[in-house]
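First up is the structure itself, then whatever we jot down about it.
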Amino acid sequence: MELNLLTLCYLIGAITFILGLKMLSHPDRARKGNQIAAAGMIIAILGTIFLYRDDSGNRLHNYGWIFGGILIGGTIGTLAAKKIKMTAMPEMVSMFNGMGGACAALISIVEFNRLVSGSISHSGNTSLPEEFRGTLLIILLGLIIGSVSFAGSMIAWGKLNGRIKDFAFKGQHVANILLLLLTLGTAAYLLFSITASNAVLLYGVLAAAILYGVLFVMPIGGADMPVVISILNSFTGVAAACGGFLYNNKVMLTGGILVGAAGTLLTILMCKAMNRSLANVLIGSFGGSPEATAKKQQGSYKEISLSDAAVVLAYAQKVMIVPGYGLAVAQAQHACHDLEKLLNERGVDVKYAIHPVAGRMPGHMNVLLAEADVSYDNLEEMEQANEEFPSTDVVLVLGANDVVNPAAKTDSSSPIYGMPILDVELAKTIIVNKRSMKPGYAGIDNELFFFKKTSMLFGDAKKVLQDLIAAIKQL
Amino acid sequence: MIYIVILMIFVGIEVIGHVPSVLHTPLMSGANAIHGVVIIGAIIVMGRAEPHNYLALSLGFLAVILGTLNVVGGFVVTDRMLEMFRKKTK
Amino acid sequence: MTIGILREPPYETRVSLLPEAVGQLLKKGFTLLVEDGAGEKAFANNDSYQKAGGQIKSREEVVQSAEIILSIHAPNPISSIPAGKILIGVYFPLYNAAFVQECAKQKLTVFSLDMLPRSTRAQTMDVLSSQANIAGYRAVLEAANVYPRYFPMFMTAAGTIAPAKVLILGAGVAGLQAIATARRLGAVVEVFDTRPTVKEEVISLGAKFVQVEGAADATKAGGYAVEQTEDYKQRQQQRIAESIAKADIIITTAQIFGKKAPILITEDMIKTMRNGSVIIDIAAATGGNTPFTRDNETVKYGGVTIIGNGNFPATMPNDASKLYGKNILNFLQLIINKEGTLSLNWEDELVKGSCVSR
Amino acid sequence: MTIGILREPPYETRVSLLPEAVGQLLKKGFTLLVEDGAGEKAFANNDSYQKAGGQIKSREEVVQSAEIILSIHAPNPISSIPAGKILIGVYFPLYNAAFVQECAKQKLTVFSLDMLPRSTRAQTMDVLSSQANIAGYRAVLEAANVYPRYFPMFMTAAGTIAPAKVLILGAGVAGLQAIATARRLGAVVEVFDTRPTVKEEVISLGAKFVQVEGAADATKAGGYAVEQTEDYKQRQQQRIAESIAKADIIITTAQIFGKKAPILITEDMIKTMRNGSVIIDIAAATGGNTPFTRDNETVKYGGVTIIGNGNFPATMPNDASKLYGKNILNFLQLIINKEGTLSLNWEDELVKGSCVSR
Amino acid sequence: MELNLLTLCYLIGAITFILGLKMLSHPDRARKGNQIAAAGMIIAILGTIFLYRDDSGNRLHNYGWIFGGILIGGTIGTLAAKKIKMTAMPEMVSMFNGMGGACAALISIVEFNRLVSGSISHSGNTSLPEEFRGTLLIILLGLIIGSVSFAGSMIAWGKLNGRIKDFAFKGQHVANILLLLLTLGTAAYLLFSITASNAVLLYGVLAAAILYGVLFVMPIGGADMPVVISILNSFTGVAAACGGFLYNNKVMLTGGILVGAAGTLLTILMCKAMNRSLANVLIGSFGGSPEATAKKQQGSYKEISLSDAAVVLAYAQKVMIVPGYGLAVAQAQHACHDLEKLLNERGVDVKYAIHPVAGRMPGHMNVLLAEADVSYDNLEEMEQANEEFPSTDVVLVLGANDVVNPAAKTDSSSPIYGMPILDVELAKTIIVNKRSMKPGYAGIDNELFFFKKTSMLFGDAKKVLQDLIAAIKQL
Amino acid sequence: MIYIVILMIFVGIEVIGHVPSVLHTPLMSGANAIHGVVIIGAIIVMGRAEPHNYLALSLGFLAVILGTLNVVGGFVVTDRMLEMFRKKTK
């Protein structure tokens, strides 16, 4: 029951990390959670600086260097994080993650040298005394994991900001595995037969690990980078935990393991959200998936996940639903009304924009929505709706196609040229639900789906709406 | 120690079990900041480096800088990401 | 026991018992005599009665041989019915004192099912309910047919059509069914009634209730409406006037048990209505809720069509007869015991309440 | 420019332009001449036209002074229209070759809006759609009114009423709206059509589609039905026969563009139907889908009522005229440029398609 | 990184406890979870018996006694648990909990004696050496908590099987607090000034703690017993954890704390489910809440919680919904249809039993349900429904009253006597949703609500149905 | 130790955060069985009692019996309760 001030600081740190991470997984409390974790981190750092005693009870020294380093790192970090554009955030995260990895690797190097000089060179031993074997193992692990994480993160960073292109060669898969084995082998050799003279092999391990990190990330496509960063993130966590073992430091241990475990789960969740397996992301990338390229040729539309769509809708001020023939086919009118009510309860303003020829008979949408008891007051005629789109946050297009096809306004060769349409593109965000990229009644493609503002949410309208409702309720 | 590790793994998994996928990125970023605890290791390295062990000093110094970058940058970036969610607290 | 089914007067299309019900009675050991052509207009010809086991007879024969005689409307002349017979029908004795006297003179036992108390137990034989339900449904269909515009809202390539505004005055059984039917057809429905408890019922059907404060308390009148004070009537008329000016269709059902129906829509109010609007007056039989209502007639006042029809069930003779017949079957169970002989329990408030002469 | 609105023949209740549309045209600088009493039956009297800015004139004056003459049905005799005028209406030239020749003789420019291609762009002026929609709606109301039973299901103290079974043959615009209306009223709806794509549309309205395999491919006929093979017709008739025997209400809308309507319900089939059943034949104008159909007449065959009505929109004159008028306004925009002068773009397939004489 | 076989056993034990508890909170996996925890327990016990070495490396002895005890306890426990009636299970749980508490208390007594004889009497010290203060603290805590838990559990057990009646005296609240202070005070005195002679005071502490346990539970009403048992359960958990500290035994520590924490949360959740606060349960009981007694007088109906209703419905084979006027008033037809669909998806057979006079106009329910698009095929007439009730698992009565009032059959003085009704009481379970105990149209009370099979689910029908749907989705 | 306690508290709370209330009783019962780990303490007490220390022996013996009761009875009762949920695994 060793209770002293530093232990308390570390305990507080560990608890804030857990609480922070927990709160980070809830939209309304995420920000607070981040701040709590940051506060805990500050306590742990200050505690270390001022209260740390080594085994023999000595305080730390070199305060100048320490504060200098913190000042420099802090300033650069803050500036970089504040200046960066919203869209470039993921690459920033990747960069910072790499820094952490590098930090862990550096610690390992220093400690390695201390160990070698302390236990072998200076003590006159030719080999490592048995009791230090564990320490060495941890040092080597920290080095390898930290280096891989560092190198991988830097590549990911480069890819995301476009400086580094995808690169793969035949058999890279095998080469990677060999390289990994080499790294681990050398490390194992060091572990069991280290002497003063072969200690330099450490740098070989370092180099191999860095190379592995580079090759590991190189072939993976830019779209999958978030998953990669998440993996590397949990690697860094484990590297930090090695530090914890090394110094018998509980806060490093808990923080590191926490991130390692949560990061791994997060990676899996991310893959799930993309409907792919982790292996598929990491290995499937070799040679490039043909599916992905096929999609690209046809113009690039982007998909939105259910839960993202849920958040976008739940946090909007004003949502306009554009029903079409697909809503009728799916018989999703009741689900649609339920979504409307749910959003209303959350304070979102929901209206329906009814195009005069939506559906397959005059007034089809009226019949449909009346069946679900949608209030007449919430139905807006085309002209009225077109006036409201500019102030609309999200347009949710449910199984409509021709009636939101901008070709009617822009393409004089189109068979629907001249027909007035719903100008959904005036809204801030557009979510389109349909089952595929197939055209509607008029048989023509719809440029809207390829707009930057537009995201596709594929699936049968009824199923999608029910899932959306469930997802929003969970928020 | 081993108990702590295992319990921590449980906690880690339980704690983020129900994240909506919009929060994936901020959560990753927050976790990224948290593993910045390595900086404590860096500080210790630094703090007990012999004044003449220039290798340890310089590497340690670098480690402190990098670690701080990770911590500070991580938290600040996460905070900025999460600003988006503040709009409407409902 | 022998039961006779009379043919109704020419203006009625219903019949008191359909062949399907005849079959059920036969199984219980009754003999059934059916007047020639009794069910013709209700889509039940002599053949089908015979197939079900009934015997087609002349009116004279039926009247003479049957112990229980079924007819919706009072047989005319009542003197044609021999003494001692039992008559079951809907005779509105409160509006027809002469009829009651004549029956007594003839020594007939007469059950008028409109006189049944409106209790939960009586519901299975409550012809007023089963027929008023039809009236409410048919009134809306009639209105939709006469109205020169759409009921539901439509947003089409050829312009947007606003939904029809339906105002329903009086939300008894007929009024409630009218609400449901009008809402089904997509109309926007507003409702007035003097009984305050009706409000919740109206809302339970998804319509809007426009309350006039200060109605006389009707809870003691056994579910029927009571007459209201002068002041209340005035405020009500004013409030109704506002809604009437906006309404496309008005369906009036306001009746007061045993009294003349109140005038709810005055000439001035009708003048405020749009061309093409329609008023359907279900209360027409007891005088109607507008000054112009004439029972079974369509009157035009300016651009407004006023249709008075106190006997809407007759416009849907088959189902109306079916439901009426089921009510009769249930009533017969009340007055006939398991051995198939008559057993009138005068303690029973249903038997007592419905009997107008014995 | 001057536009004239003619009074329709006595059997028609609609008018080609209502006062509200007159107002809109006036704002654009047109002069409007309205034949005396043109809108009377559509609840738009001379007064209301004058209030909107139209001038009430005799037929002679209108015909002489107007450059564009609006009439839903062809003016009779066509020789009464001076040469060079533009006529816009719904003239069914494919069924009326003589009319086309006469127009050509008179040197009239005639646009018959039924000839517009059924493309997405033409929808705003597609009178067939706007009027067929009314036909589907009114046909069901008519059926409900004539049918001697309830449409919806009811479980009441006086017994349970099964929902009416409605069979709809032909699911074009009218058929689809009939489905929607019948479902609103609580009926159980089954639908037949030869075009296979209709199936999804029918299901999208919550009705059941009964498919007969092997229909000729109609996708190339621009959305209209094509004539089917003999074998198919036979199998279809057999399948329909089964459904007909079960149906309480049948609404037939099957038409083939420019041809006589196919006979879908034979005498034998009608014999299998229950007493009180109703057939509403919307295709009556082109011969009807039963052998007994007579346009604008109600025929009784046994216990089955057959109502032929090729002009249902006339039963709802006000909204029908409103929608027709909106179609006309949209068509005028097509042939008149911003300066308000005529500009016929014969390249445009809408202008080209709808013109039957120039 | 002390890894030996026993540690491993304990680690496995701790992990299975966590996993087991986690699985226990999900209906489908609960049983498996229980079994896993049991397996872990066996491993931990066997490990202790065969692998344990004390600080000086000695094995355990007295195997005969140990196995004898286990055999006796195991046999009795198994038999008792198997024989007991389903309805008596909560009291069994309480009993077993008391056993655990007693066990902890006994351990404390033995260890106390060992400590006193080892460190004071035999070593010739007059007072306790400082380094044993911590141990003594833990011993005393274990004793007090264990005893309170034991005594409280036995009282709860007695109350549940009706042997002990509620008992409270004026000022008991104050007396209890004083007694608690006395117990703690004596313990504190012992802690700081223990001598060989005043060591017997321990038995004073024991007696006081037992008395406190008795008085603590005594006044609380039988209906609140589950909450009390849950608290005592977490107490025992803490007592077990004390043992963990004492022997530096990780599996006792983790298991104990786990139960302590989970038990506390569970207690709070239970109170929440009953819509009361913990304080209200524990203190409010003094003097008996007037509300509760008022309820009793009117006959006793029982309420069912939303989530219980959800489980009952979700795990039924056949559900019959009886709609009434209240469903129309609440305009809950769509929600009702949604529930029907949701249950259908889970494989539950759902039908509607329509009484001919339900509602306020003929066919009211038909109109209502048609609006929500309920298929006609799922509506059953009264006669048909009455035939099906005996094979129905759950009847859900939604805002109906008169039409399910058995007085129509049994009470010839009732105004509705003779009206045929829906014989819902033939079904296995009946859940009635209405807003209050107020009568319906006919203005008469309904005996059905007081039947044993019937549970009330109060609230507006729409709200209740929506909540039910959400609850079922979570299962 | 203190870390283990704190982490365990987190785990305990997280793990049962979403119990439906029907499971309250079985869960309580399961938890009850789990705190039966005290039996390990009893075994240790018993196992190292001096052969002549009758107080320790008898109390220890009693403790073992009671502990076993807690463990065995607890798990068996829980299992029986949970049988109800097996009916339909869906």
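In order of appearance the chains are A, B, C, D, E and F, and numbering begins at 1 in each one.
In this section, contacts are C-beta pairs under 8 Å (C-beta built on N, C-alpha and C of every residue); 3 or more make two chains touch, one makes a residue touch a chain.
Just so it is clear, the model here is predicted, and its values are computed rather than measured.
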Chains adjacent to chain B and to chain D under the stated definition are A, E
Farthest CA centroid from chain E: chain D
If you tally C-beta contacts across A-F and across D-E, the winner is D-E
So the chain most remote from chain B by C-alpha centre is C
Comparing which residue numbers chain C and chain D contribute to their contact, where sharing over half means same and under half means different, the two sides are same
Whole-angstrom distance, CA centroid of chain D to CA centroid of chain F, is 80
Taking each chain's mean CA coordinate, chain A and chain C are separated, in whole Å, by 70
Chain B to chain E, mean C-alpha position gap in Å, rounds to 41
Dist(centroid_CA(chain C), centroid_CA(chain F)) in Å evaluates to 72
The positions of chain D in contact with two or more other chains are 123-124, 129-130, 133, 152, 154, 156-159, 161, 184, 186, 206
Among chain A residues, those touching two or more other chains are 1, 18, 22, 250, 254, 356-357, 362-363, 367, 370-371, 373
Residue ranges of chain B touching at least 2 other chains are 1, 3-4, 7-8, 10-11, 14-15
Chains touch one another in the pairs A-B, A-C, A-D, A-E, A-F, B-E, B-F, C-D, C-E, D-E, E-F
Contacts from chain C onto chain E in the complex sit at residues 119-121, 123-124, 129-130, 133, 136, 173, 176-177, 180, 183-184, 200-201, 203-206
Seen from chain D, its contact residues with chain E in the complex are 152-161, 163, 186, 188, 206
In the complex, chain A touches chain B at residues 13, 17-18, 20-22, 24-28, 30-31, 33-35, 37-38, 41, 44-45, 48-49, 52, 54, 58-63, 65-66, 68-70, 72-74, 76-78, 80-82, 84, 86, 89-90, 92-93, 95-97, 99-100, 102-104, 106-107, 109-111, 113-114, 226, 229-230, 233-234, 236-237, 239-241, 243-247, 249-263, 265-266, 269-270, 273, 305, 307-308, 310-311, 315, 317, 346-347, 471, 474-475
Within their complex, chain B touches chain E through residues 1-3, 6-7, 10, 14
Chain E partner, complex, touching residues on chain A are 1, 134, 334, 337-338, 371-373, 470, 473
